[in-house]
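In what comes next, chain A is part of two complexes: it sits with chain B in the first one and with chain C in the second one.
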Partner chain A sequence: MASEPRLDSARSGLPSGWVQALGPVFGLAGTYLLFALIAPASFRSLDNLETIARQTAIVGAAALGMTMIMVAGAIDLSVGSVVALGSVVIAWLLQFAGASPLVAGLGGILAGTVVGLVSGLLVTRLRVVSFIVTLGMMLAVRGLAKSIAHEQKIDAPLTWLNDLLATLPAERQWMLLPAGVWLVIALALLVAGLLRYTRLGRHIFAVGSNEQTARLCGVPVSRVKVLTFLLGGSFFGLGGLLQFSRLTVGDPTAAVGLELDVIAAVVIGGGSLSGGEGSVFGSLVGALIMSVIRSGCTQMGLPNWVQEVVTGAVIVAAVALDRWRHRRVG
Partner chain B sequence: MRTALSLVLIAAAVFALSSCAKPPEPTPDASAKADQAAQPAPAATQGKLTVAVIPKGTTHEFWKSIHAGANKAEEFGVEIVWKGPLKEDNRDEQIKIVEDMTSKGVSGIVLAPLDDTALRLPVQEATRKGIPVVIIDSGLQSEDYVSFVATDNKNGGKIAGEHLAKLLGGKGKVIMLRYQEGSASTMEREAGFLEAMAANPGIEVVSSNQYGGATTETAYKASENVLAPYKKGGRLMVDGIFCPNESTTFGMLRALQDAKLAGKVKFVGFDSSEKLVAALQAGEIHGLVLQDPMNMGYLGVKTMVEHLQGKTVEKRISTGENLATPENMNEPRIQELLKPDFARWLKE
Partner chain C sequence: MTATRVPSAPERLQMHDICKRFGSTVALQEVSFTARGGEVHALVGENGAGKSTLMKVLSGALAPDSGTMVLDGLPYHPRDPLEARRRGVAMIYQELSLAPHLTVAENILLGVEPGRFGLVARREMSRRAQEAMARLQHPEISPTALVGDLSPAAQQLVEIGRSLAVGCRVLVLDEPTSSLTSQDVERLFEVIGHLRQEGHAIVYISHFLEEVKRIADRITVLRDGRVVGGAPAAELSAGEIVSLMVGRRLDELYPRSPRVPGEAVLEIRGLQGVPLPLDASVTLRRGEVLGIFGLVGAGRTELLRTLFGLAAIRSGEVRLGVHAGPASPLRRWRQGAGYLSEDRAREGLAVGLSLADNLTLSHLDDLGPAGLVLPRRQEAAANRWVRQLGIRARDARQKVASLSGGNQQKVALARLLHSDVDVLLLDEPTRGIDVASKALIYELIDTLAAGRRIGDAAGALERPRAILMVSSYLPELLGVCDRIAVMCRGRLGAAQAVEDVTPEALLLAATGQEGVSDGV
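Up next is the complex of A and B:
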């Protein structure tokens, strides 16, 4: 489906983009089948599949942005804080500014975009690595969200925004999945297309593979980086919208530690911390693997620590295998 | 071909790792349960009721007591599934657990909601799918639950107030340090206390608008500030103090101890901890209002079972508030509340 170009694909002579995405799919299928065998029958129900899809949407939306940023060789640690900021901004607009749900939702996405723009400008203008800049942004944005909400949560009226990730009522079963999940899937196709077919997409890969070479080849490195952070931020803002949709309140303490889930999804899906690699499809599959482990462990009644140990082991194993494969192919 | 080989290896690794999920079970009893669940049609879903109990967190002693009480209620022939949020105090995590339990198809859910509004939708969803929900500990702004089983906080505050009034002989100056804005349970305690004070014309509440805040540290600072204007020459120009929860009570105790005033002023607090019990013994605290979390877990499950059996249950059930004083603290009934024996029920 979504296979991104890789610089070494010509060398190995294989359509490695496809194969790269297939690895995580195999892992997902294996994990699912395993739990389907050992977990109670309810794990295999269609209802539960829908639940897993709904629970993956927030990490999935954020992972779209993170994939772009990590392909460009950067990282953004402020995801969780931006998601919280987005949810607070939306609740504030609904509750105190009398905004319509559509305007409030767009406001949340805009807030994420602005944060992304600021991060991108700081990274390129100050020439400080993105890890440090976004570590600072993580704290600053979290503080900003708390200040807007006066260190409390903001209650907001129920609107159609809250149906985005709710279980479908009987009369809308034909949709199969809630609108929010479809939105993430549609945007995933869009981002995959952007990375594969547009000039910006190729520039992002070029910058992440080798910044110096890209610069010498005439790629506007700074502009590409700022744009990547800006687009990434808008997807984090969308994550905030989905978070608000589920919580029905604007919660400045929401999504603490989300950045680790999102980064884990991207690396399980074949992304690399050193840039130049990653696939939107793989990242979504990575996010799904973690949700499946969660759901399976919960349905089996296993204690929390088992789930944490298993997820941690899967992350390390997936990346280690990926590295190993690289050495063999490269 | 090499890539194909590595794909197989990934799958094998995930298989191997995921199957590790089963062996590291802590007790033989729990792994027996996991084996049971591994069978296609577990016996539990066929006659025996399964009740999911979902706390706000799992590490605090308060929740351990709730867990113990819920386990004790297994005597009604139910199986308890205990699952708290992976990340403590995380609304989204708790929502996920309610959803998971709903799709798992448990007989009923006993829930201590982290948030009185954010948990409305998943509870509504569970109810719509025919899974009843009993709310414990903290309220939910919804009508979709069977019963609300919790401490009557207003009554707890009133008990504290009446005790303090008795200690003061119905006259004197009193300070109340509040906990935090927006915390429903403690605000009810504060209201109950002030109501009891108003019933005594001889008592004057000289300060009741200061907040201790979230932690013991902030409560300690707030206590010092509240006490400062009433300190004159090593004496305190106040006769009684009330604090509405554990952190404010402990913060105030520390402030009184540092100023060498502990024991010289009548002091009533709320909830217990090792340090507060020691101070009660030493006569530095003259009363602690105690909740009964073990009873809360027990009654939560019991109410659910009764509802599932078709009996009518009360919409609001109080789990009881008790007063521990230096005089009665060694009675078995109070000892049980001060030091709940939850280990016995948690099979630890």
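Up next is the complex of A and C:
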């Protein structure tokens, strides 16, 4: 059956990567236009666009890490817990260790990196699937965050860290978006480049697409997996930093269930739970789609449950569409 | 040994002028086929010849575009496998379709459980299952055993028993011996002989010609979707069957340039793996093709995997060029060796990735500045091999999954060429591909061993490579190899020059009967 497929189905090339992301982009444009038509005028304002961008930053930062992990054919359920841990560590460092904001911020990211390293080592050394390992880590890390914070919120002095996701004051309107959002955008370009143009990136795709082939071809599979979890964890730590920035406290009970938002973003963006597929750009668009729905429903004064039903439907529809496209392409 | 043939065996099933196309590909063209009661009719042909398509039509999994079928004198046009089964036509597939967590009885009567009001009459079920296994003369398989605990051979019998339990009279066995040991093959042949005597019509699909010659009463050869030959089994020699299958004379299929064996590049002494091989010693020289023949399960694949660092070494010595001792696959590639897996879909290729990704994965060097991998350079590197091996693909970004088997295999093989290895470990390099691709791979092996540059008509010389090739297909090994060693039950025999061996001797050695007097 050497029939030539008519549509471009290569999903790993840069051009086709963009083609692949077009579906979610249309989804995003469609969702936005729909709410622009039916929601109050305030939805269409530039301020609201900025709000949407700010609200997407945390999920977006975590989605960068999750994209890498899911492309490698794994999953990490500890995202929410790591974000909480990150925010707690930062607040603790600021409040009790007298650390500078920079050191505290890096400390939060480092905490996530360490959690990622541990998950990666457990997955590769114990040969337990990542779903189970990170399910355990989800509970353990949440407990760790609570223990550090003695089961309370940790207040921290206001620093420039809190400006990362704050609405821009008038004198800095030229920045268009808060620094935290720019940071996520810059890192997204970096991760996209890493996945596309580096040996590690190609190895991550290979491991996710077919681990046995990767091993046969001399890819150091375990090292690639550990590195992927480690890098992923650092992005979840960054999510913790952004979470802290928004809440101004370290909250060990924050971000419960965030992992599902993050996984949904990656999946809407064309990532596959079985690995070997996914793009950073698509994942960010996926995160934006969910934020637009949230914002639109809020602006229309719809109850919370409507937003949940709509988001749920979008996730299933996005994946169903993707499967359908796959089947047609063959 | 062979049962006396019934010359006027009743025609049970007839297929007339069956045609089937998939898009622009003609899978079957005016194929006619008859299965008679009390007869084993073998269907042989290369992979892609149309055997499985024909059997899917027969079993109702595919509808033919045109043609008619008659079963026991009545028109027969099954819409699905279930209807075919009800009419008495059963397929026994290579991959068995049993539920491993259910018992033998539950499997045999799955979907036709006796009982009423949704309750299952367990005793009746047990009795009927036992009866079915007794009819196969294997009453030792207990109705209450879990199918997952049975050996592959016993599972196969359960599958056959299931067909008998629902009254099937036409049985199609698709490569039934591919996962059996030689003793199990004997047991299966007894069962088949018994079913033949009971008057069942049996269609036997296999590419093990020796088996076909033994078990079949009649042989039909398919090539490229057409029937190219058919005769009583006694009237066809193995050589004639092969010529019919490949459609050309054997010396054209296997080119052989003058080759000059050079220095030893791979030396193995007393290699033992976990659990296989048990004992392997051989020396491979530059500029030669060394074949390893043996039955499935003899440890041939394990030998290559052990050499390549994909499986652990228990003891023994391996020396690859100047490098002694075990090494990881990564190191093996760097030391100048490459491995072609026997299982393209599961191990050989990441079918979800592009052709370029697959082809370059083992050697991502020199594809960009500062160790980067630039897609353009990657695709250019891949395109070189796409051109030289005639890989039919739209471009280097095409997903491997959408290529045909032959083109996929070329991609897998091109990986070794891209990595520019000196020692090629090829495991069943022509399994499951079309004849044209096979011919190209034979030619490629010859080119590499002779040290000619690939795709260079003038035949400019570069360094000759060394090739260690595992195959279950004897004619192919005899055609391309300089020396052949036989592996049997984990032990590798001495390599002999191809001029000094006969197919019969190799087969005997492979089944462990060489010099063995106790005669198992």
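Operating definition for what follows: the second predicted complex is superposed on the first by the 315 of 330 C-alpha atoms of A that agree within 3 Å, B and C clash if a C-alpha of one lies under 4 Å from a C-alpha of the other, contacts with A are read in each partner's own complex, and residues count from 1 in each chain.
We take it that contacts are C-beta pairs under 8 Å (C-beta built on N, C-alpha and C of every residue); 3 or more make two chains touch, one makes a residue touch a chain.
No experiment lies behind these values; they were computed from the predicted model shown.
S.K.: Have a look and say if chain B or chain C is in touch with more residues of chain A.
M.R.: Between chain B and chain C, the winner on chain A residue contacts is B.
S.K.: So in the superposed three-chain picture, is A:Gly27 touching just chain B, just chain C, both, or none of them (first/second/both/neither)?
M.R.: So A:Gly27 only meets chain B here.
S.K.: Return first, second, both or neither, reflecting whether A:Gln243 touches chain B, chain C, both chains, or no partner chain.
M.R.: A:Gln243 contacts chain B only, not chain C.
S.K.: Report for A:Gly201: first if it touches chain B alone, second if chain C alone, otherwise both or neither.
M.R.: second
S.K.: For A:Gly276 in the superposed arrangement: first (chain B), second (chain C), both or neither?
M.R.: The second partner, chain C, only.
S.K.: Would you sort A:Leu216 into first (chain B), second (chain C), both or neither based on which partner it touches?
M.R.: Touch partner of A:Leu216: chain C, not chain B.
S.K.: Between chain B and chain C, whom does A:Thr51 touch in the aligned arrangement: first, second, both, or neither?
M.R.: First partner only.
S.K.: Where on chain A do chain B and chain C both make contact?
M.R.: 14, 16, 329
S.K.: So in the complex, the part of chain A that touches chain B is made up of which residues?
M.R.: Checking each residue of chain A against chain B gives 14, 16, 19, 22-24, 26-27, 29-31, 34-35, 38-43, 45, 47-48, 51, 54-55, 58, 152-153, 155, 162, 166-167, 243, 246-249, 251, 253-257, 289, 293-304, 306-310, 313-314, 317-318, 321, 324-325, 328-329.
S.K.: Spell out the residues on chain B that touch chain A in their complex, using ranges where they run on.
M.R.: Going through chain B, the ones touching chain A are 2-3, 6-11, 13-15, 17-22, 24-26, 30, 33-34, 37-38, 40-42, 45, 58, 81, 83-84, 86-87, 89-92, 95-97, 99-105, 115, 117-118, 120-121, 125, 181-182.
S.K.: In their complex, what parts of chain A are in touch with chain C?
M.R.: Within the complex, chain A contacts chain C at residues 1-5, 8-16, 196-199, 201-202, 205-206, 209-210, 212-220, 276-277, 329-330.
S.K.: Enumerate the contact residues on chain C facing chain A in the complex.
M.R.: 22-25, 308, 310, 328-334, 339, 341, 346-354, 356-358, 361-362, 364, 368, 371-375, 379, 392, 394-395, 397-399, 401-404, 407, 415
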